[in-house]
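Quick one: this structure, given as C-alpha cells, is what I'll be asking you about.
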Amino acid sequence: MTRAFFALLARDLRLAVRLGGGGGMAVFFFLVVISLLPFGIGPDRELLAKVAPGMLWVALLLAALLTLDRLFQADYEDGSLDLLTMGLLPLELIVVAKALGHWLTTGLPLVVAAPLLGLMLNLPGEAYPPLILAMLAGTPALSFLGAIGAALTVGVRRGGLLASLLVMPFYVPVLIFGVGAADAATGGFAGEAGRQSLLLLGAVALASLVLGPLGGAAALRANLR
Amino acid sequence: MTRAFFALLARDLRLAVRLGGGGGMAVFFFLVVISLLPFGIGPDRELLAKVAPGMLWVALLLAALLTLDRLFQADYEDGSLDLLTMGLLPLELIVVAKALGHWLTTGLPLVVAAPLLGLMLNLPGEAYPPLILAMLAGTPALSFLGAIGAALTVGVRRGGLLASLLVMPFYVPVLIFGVGAADAATGGFAGEAGRQSLLLLGAVALASLVLGPLGGAAALRANLR
Amino acid sequence: MAEFFHMGGYALFVWPAYGAALLVAVALIWQSIADYRAQARLVETLEKAAGGRVRRAAHRQSGEDPS
Amino acid sequence: MAGMNMISAAQRFHAYANPARFMALSARLLMPLAALTALLTGAGLWFALAASPPDYQQGETVRIMYVHVPSAWLAMMGYGVMAVASAVALIFRHPLADVCAKSAAPIGAAFTFLALLTGSLWGAPMWGTWWEWGDARLVSMLVLFFLYLGYMALWATIEEPVRAARAAAVLALVGSINLPVIRYSVVWWNTLHQPASVFRMDGPTIAPSMLLPLGLMGAGFTLLFVTLLLVRMRAEILRRRVRNLRLAQAGGAGEV
Amino acid sequence: MTISELSLSVRDLACERGGRLVFEGLSFSLRGGEALVLTGSNGAGKSSLLRQLAGLLDVAQGVMAFEGGDPELSLGEQAHYVGHLDALKPSMTVMETVSFWRTYLGSIPEGADTALEALGLAHLADLPAAYLSAGQRRRLSLARLIAVPRPVWLLDEPTVALDAASVARLVALMTSHLGQGGMIVAATHLDLGLAEARQLRLGAEALT
Amino acid sequence: MTISELSLSVRDLACERGGRLVFEGLSFSLRGGEALVLTGSNGAGKSSLLRQLAGLLDVAQGVMAFEGGDPELSLGEQAHYVGHLDALKPSMTVMETVSFWRTYLGSIPEGADTALEALGLAHLADLPAAYLSAGQRRRLSLARLIAVPRPVWLLDEPTVALDAASVARLVALMTSHLGQGGMIVAATHLDLGLAEARQLRLGAEALT
C-alpha cells in the first residue's frame, strides 16, 4: 500500500518534470504575474511595498488555480484514472498522493521563490519570516482544497475554469489569514495579530488536509461511475 | 469560403455555450478575481480606488490567459484540427474565426461586466467611459495575440501554462496603455494623456488583428506536421 | 403622501431596496412559472408524438407510475 | 456486495416518495401557499412601510431592515435546504432530494443577492460605505453567493443528471461549512455589522413594534421560498421527463 | 462530383518520425476506380503514409503527384482522411456534427440525413456524441465520407469497432465510391473483402 | 497466483446510461478456466457490461457475485480491465509504464521485461509511448495483463489495431491464463479463435 502510494507520487512528479509543468514553470508564471502587477498599479514604490504581501498571495493563488486541472483531468482523459481506482490504494489516498504531488511541484517551489519576488516588490525585511511561514502553512491547503474542485470537475471537458471557480470561495480564508500574517509584521503591530492569523491559517490548513481527501474522494466516486 | 468561416465560428460559439465555458463563466471568474484582490490588499478604500483600473486590467488579462487553451488544444487533441486544415478555408482565416469566437465568449462579456466590478472597487465615475473604450479596443488584442501563443503550444500536452508564459510579454503593452487610458481620467489630467494612451491602444489592437492570424497560422503550420 | 415617499431624506436608500426586492421576486416568480409552462408544453407535444410504448419507457425511467 | 444491498434499499425507498405522488401533492398545495404568501407579505409590507415607527437612532432607514433581514435569513436557509437535500440525495439516493437541492439554488442565490444589495443600501447611510472588505459577515456572505453560483455552474456543466447531482451534492456539503462562519462571524470577529438580535438564546432584544413587521415579512419570504421551490421542483421533474422522452425517441430504450 | 480520370503516383517516398526512418523508397501508382489496401505489421508505417498523403505529415523525400482533380487544390483538400482519432465533440449531436462538416467542407448543410442513413445513424440524430458507443462513434466519423463528396478517401483501419453489419455497409459504400471513379487508400489488418483491391505490404522487414 | 475454484455469477443485471436502459435481465455464470465472449451489434452494451464488472459503472439493478478469490477485495480489485482508452502517458517510456503498473498494482517492479517480451515490445522498451504506432500502444496496454497476475481479465475489443502475429500471441496468452484457472470476459466483433469460449450475445433485438 505504501509502495503503491509512493509509486503514484513518483510517477506524478516525473510526469510534471517531463512535461515542463514542474516547479520551473510555476515559478516562471509567478514571476511574470508579479512583474505584470507594477504595470497595472504604476511604479510608486511605497504603494508597491504596501500591497506586496497581498500581491504575492494573489499570485500564489492564481498559480495554484492555473495548474489545478493537472490533478485528475489528464489521468481521466486517457483512462488511467479508471485503472488507478482498480488498484488496492483507497481513493482517499490516491487524492492525497495527487495533491501532495501538486504541492511539491507548484506550492513548494513558489515558497522558495517568494523571497526573491518580495525583493522585486520592495517588501520590508522584517516581513519575510512571517510571510514564508504563512506560505509554508498555506500552500498545502491550496493544493488539498484544490483537489476537491479538480475532482468535482473531472470528466467535464475543459473543466479547468470551472474548477477554479468552484475552489475560489474556499481559497478566500487562506488568502485572508495569509495576508494577515504578513501584514501584521509589515504594519508594525507584529506580535499578537500576526500570530493569530498564523494560527488560524494553520487551522485552515489542517482542516483542508482532512477535507480535501474526503471531499475529493467523494467527488471522484460521484463522477467516475 | 465565408460559409465555412461562419460555420466554424458558429460551432465554436455553440461549443463554448454548451460547455458552460462561455461568457458566463469568464465573467464569473473575473468577478471572483476582482473580489479576491481586496482581500490581498486590505480594505483601505482609497488605496483600492487608486489601484482599481490596474486591477481590472490584470484580472481581464488573467481571464483571457486562462481560457487561451480553448483556442486550439481541444481541436488538436480530438483530431478536429487535422480535418479543419483539410478544408478550403485558409489557415489564417481559421485563426481569425477561432480568435473571434474567443473574444465573443470571453472579452466581450468581460467588457460588459466591467462597470459593475468597477463599482465594487470604488472606481470614480469619470473613469468609466475611457475604461470601457479602452477595454473595447484592448480585449480583441488579447484574443488575437493569444492565438499566437495558443498556436505555438498546440500539441504540447498541458501546454496551457506555457502558452500563458509566451503570450504575457505581448500583453504588456496592452496592459500599459489600457491602464494609462483609465488612469488618465481618474488622475484628473484627462484629455491629452488619456487620448494618447487610447490611440496607442488602438494601434496595438489593429496590429494584433494582422499579426495574430499571420503568426498563428505560421505557428500552426510548424506544429501540425 | 409626499412625506411617505420622502422617507425622512433616505428615499434614495429605502426605495431602491424595496424596488430591488420587488424586481428580484417578480423575476424569480416569472421565470419559474415560464419554465414550468415550457416544460409542460414540451412533455405534452413529446408524449403526443411518441407511441404508448415509448411513453411507458419514459415513465418507468423517471421513476413514475404510468398513469 | 454491500453496494447491492444499498441499491435495493434505495429502490424500496423510492416507492414511498415517487415523483408522481409529489406532483399530485404539490399541485394541491400550490394555490393555498401562493395565497398565503401574498397575504402575509402584503400585511408585512403595510406594517413595514407605513404602520411602524422610524427607529430613534436610524430614522427611516430602519425600514430597509424588513427586506434585508428576511433576505439574509432565507439566503442562509436556502443553502441549508440545499445541503440537507444533498446529504439525503447522497446517502439515500432519494430521487426527489437532488431535484429539491437543484431547485433551491437559484432561489437562495436570489435572496443572497438581495441581502447583499439591501445591506449595501443600508450601509451607505449607516456606516458611510457601500461595502467593507474587512468585515467578516459581508465577506462570508459574498462567499455564500459565489458558492451558489458555483453550485449552479456545476449543474449546468455536467450533462448527465445523475452524475451532476452527485458532484453538486458533494460541493454543497463541503461548502456548508461557510454557514456557521456567516452566522457567528459577528461573534468571532470584530465587525461593523451588528450581532444577532432576534434569534438569540435569551430571546429577541428588538422592539415589538419592529418585531411584528419583521416577523410578517420573514414568514412571507419563507412562504415565497417554499412556493417557488415547489414550482421549480415541478418544472425540474418535467424537464427530466422531457429528457427521457427525447432519449427514448432517439432509440435504444425501445426494448423496455 | 464529376471526376475525370484520376491518377495518383508516388515515387521513392520516405518517411521520418521522431528522427527515425520509418520507410523509404516507396513507390506506387493508383487510378480512379482503384483501391489500395495497405497492410503490414504494427509500426510498419501505414498510418504515417496516410497522413503524408493527406498533407498532415511532412514528406521526408520523394514525390507525390495527383492528377485529374482540381488543379488549384492540393491532394489533401480533395481527400477525406479518417484516422485513429474521431474528431467528435462530445456535446454536439450526431446531426449537428455532420451538418457542420457539410457546411465547413463546402456543401450546403441540408441533406445531411442521407449520410446518416447510409451509416445507419439516422435514429441517433439528436443524441450528443458523448453518448455514443465506440462503433457508433466510428460510424459518425465515417459519415463524413458520404456527407461531402470528395474523390479520394484515405482510411486508417476504418472497420475498427464496427459490427459485422456495419462493416458490410462500409464495404458497399466503398465499392460504390470506386464505381463512381473515386480512389481509396485504406490501411487495415483485416480482409476488407473489396472485390478488386491492390495490396501494398509495408516494411515486411521492419521490426514488429 | 494461486486460484482456488473461481466462480462469477451475474443475475438479472440491468444497465442504465445517460438515463436510458441499455440492457436488463442479463444473467450468466462463469467458472475459473472459462472464457465468455461478448458479441452484439454496436451500442448493444458490451463495453458497459465490462465496466460494470470492473466496478467502473453503477449497476442499475441486479446482483453480481464473485467467489473463490480474495474475499476482502471487490471484483474490480482482482480484475484487469483493458478498455477502449489505453491509459498511456506520452512522455513515459514503455519500460517505465509497465514498471509503474507493476508497483502500483502490487508486484515488485523487477521482472517487467517478461511482460514486454510476451507482447513483443522488448526492443521498444526505452521508447516514449508518444512514439508508438496504434498497434504498439495496444500491446503496451495489454502488457499489464502479464505484468501483474490477476485472476479475472476484462477485455474490450482487445485485438483492435493488432496485426495478425500479435493477435495470435494474445490468443496464446489468453489460453494459458485460462489454463491456470483464470477467467476472461472479452467483447469483440471478430472471431478470437479461443478453443472453448462461451458466447453471450447482447441485445440481439436492439437498434444498431
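Order of writing sets the chain letters: A, B, C, D, E and F. Residues in each chain are counted from 1.
Just so it is clear, contacts are C-beta pairs under 8 Å (C-beta built on N, C-alpha and C of every residue); 3 or more make two chains touch, one makes a residue touch a chain.
These figures come from a predicted structure and were not determined experimentally.
Q: Give me the chains shared as neighbours by chain A and chain F.
A: Under the touch definition, chain A and chain F have D as mutual neighbours.
Q: Check the residue numbers that chain A and chain B use where they touch, and answer same if over half are used by both copies, otherwise different.
A: On the two sides of the chain B and chain A interface, the residue numbers are mostly the same, over half being shared.
Q: Return the chain whose centre of C-alpha atoms lies at maximal distance from the corresponding centre of chain A.
A: Of all the other chains, the one whose centre lies farthest from chain A is E.
Q: Provide the C-alpha centroid distance between chain A and chain E, rounded to the nearest whole angstrom.
A: Centre separation, chain A to chain E: 46 Å.
Q: Quick check: how many Å separate the C-alpha centres of chain A and chain D?
A: Each chain's C-alpha centroid was found; their separation is 31 Å.
Q: Averaging over Cα atoms per chain, report the distance between chain B and chain C in Å.
A: 36
Q: Residue numbers in chain C touching 2 or more other chains?
A: 57, 61
Q: Which positions in chain F are in touch with at least two other chains?
A: 18-21, 43, 58, 84, 91, 207
Q: Got the chain D residues that touch at least 2 other chains?
A: 139, 146, 149, 153, 157, 240, 244, 246-249, 251, 253-254, 256
Q: Flag every residue of chain D that touches chain B in the complex, lowest number first.
A: Those in contact with chain B are residues 129, 131-135, 139, 142, 146, 149, 153, 156-157.
Q: Spell out the part of chain D that touches chain C in their complex, as residue ranges.
A: Per the stated touch rule, the residues are 14, 18-20, 49-50, 54, 59-61, 63-64, 67-68, 71, 95, 106-107, 110, 113-114, 117-118, 121-122, 124-125, 224, 228, 231-232, 234-235, 237-242, 244-246, 248-249, 253-254, 256.
Q: What does chain B use to touch chain A in their complex?
A: Residue positions touching the partner: 19-21, 25-26, 28-29, 32-33, 36-37, 39-42, 47, 50-51, 53-55, 57-58, 61-62, 66-67, 69-70, 74, 157-158, 160-162, 164-165, 168, 171-172, 175-176, 179, 183.
Q: Within their complex, state which residues of chain E touch chain B.
A: Spelled out, the residues of chain E in touch with chain B are 54-58, 73, 76-77, 79, 81, 83-89, 91-92, 96, 100-101, 103-106, 109, 144.
Q: So in the complex, the part of chain E that touches chain D is made up of which residues?
A: Where chain E meets chain D, its residues are 91, 123-128, 130.
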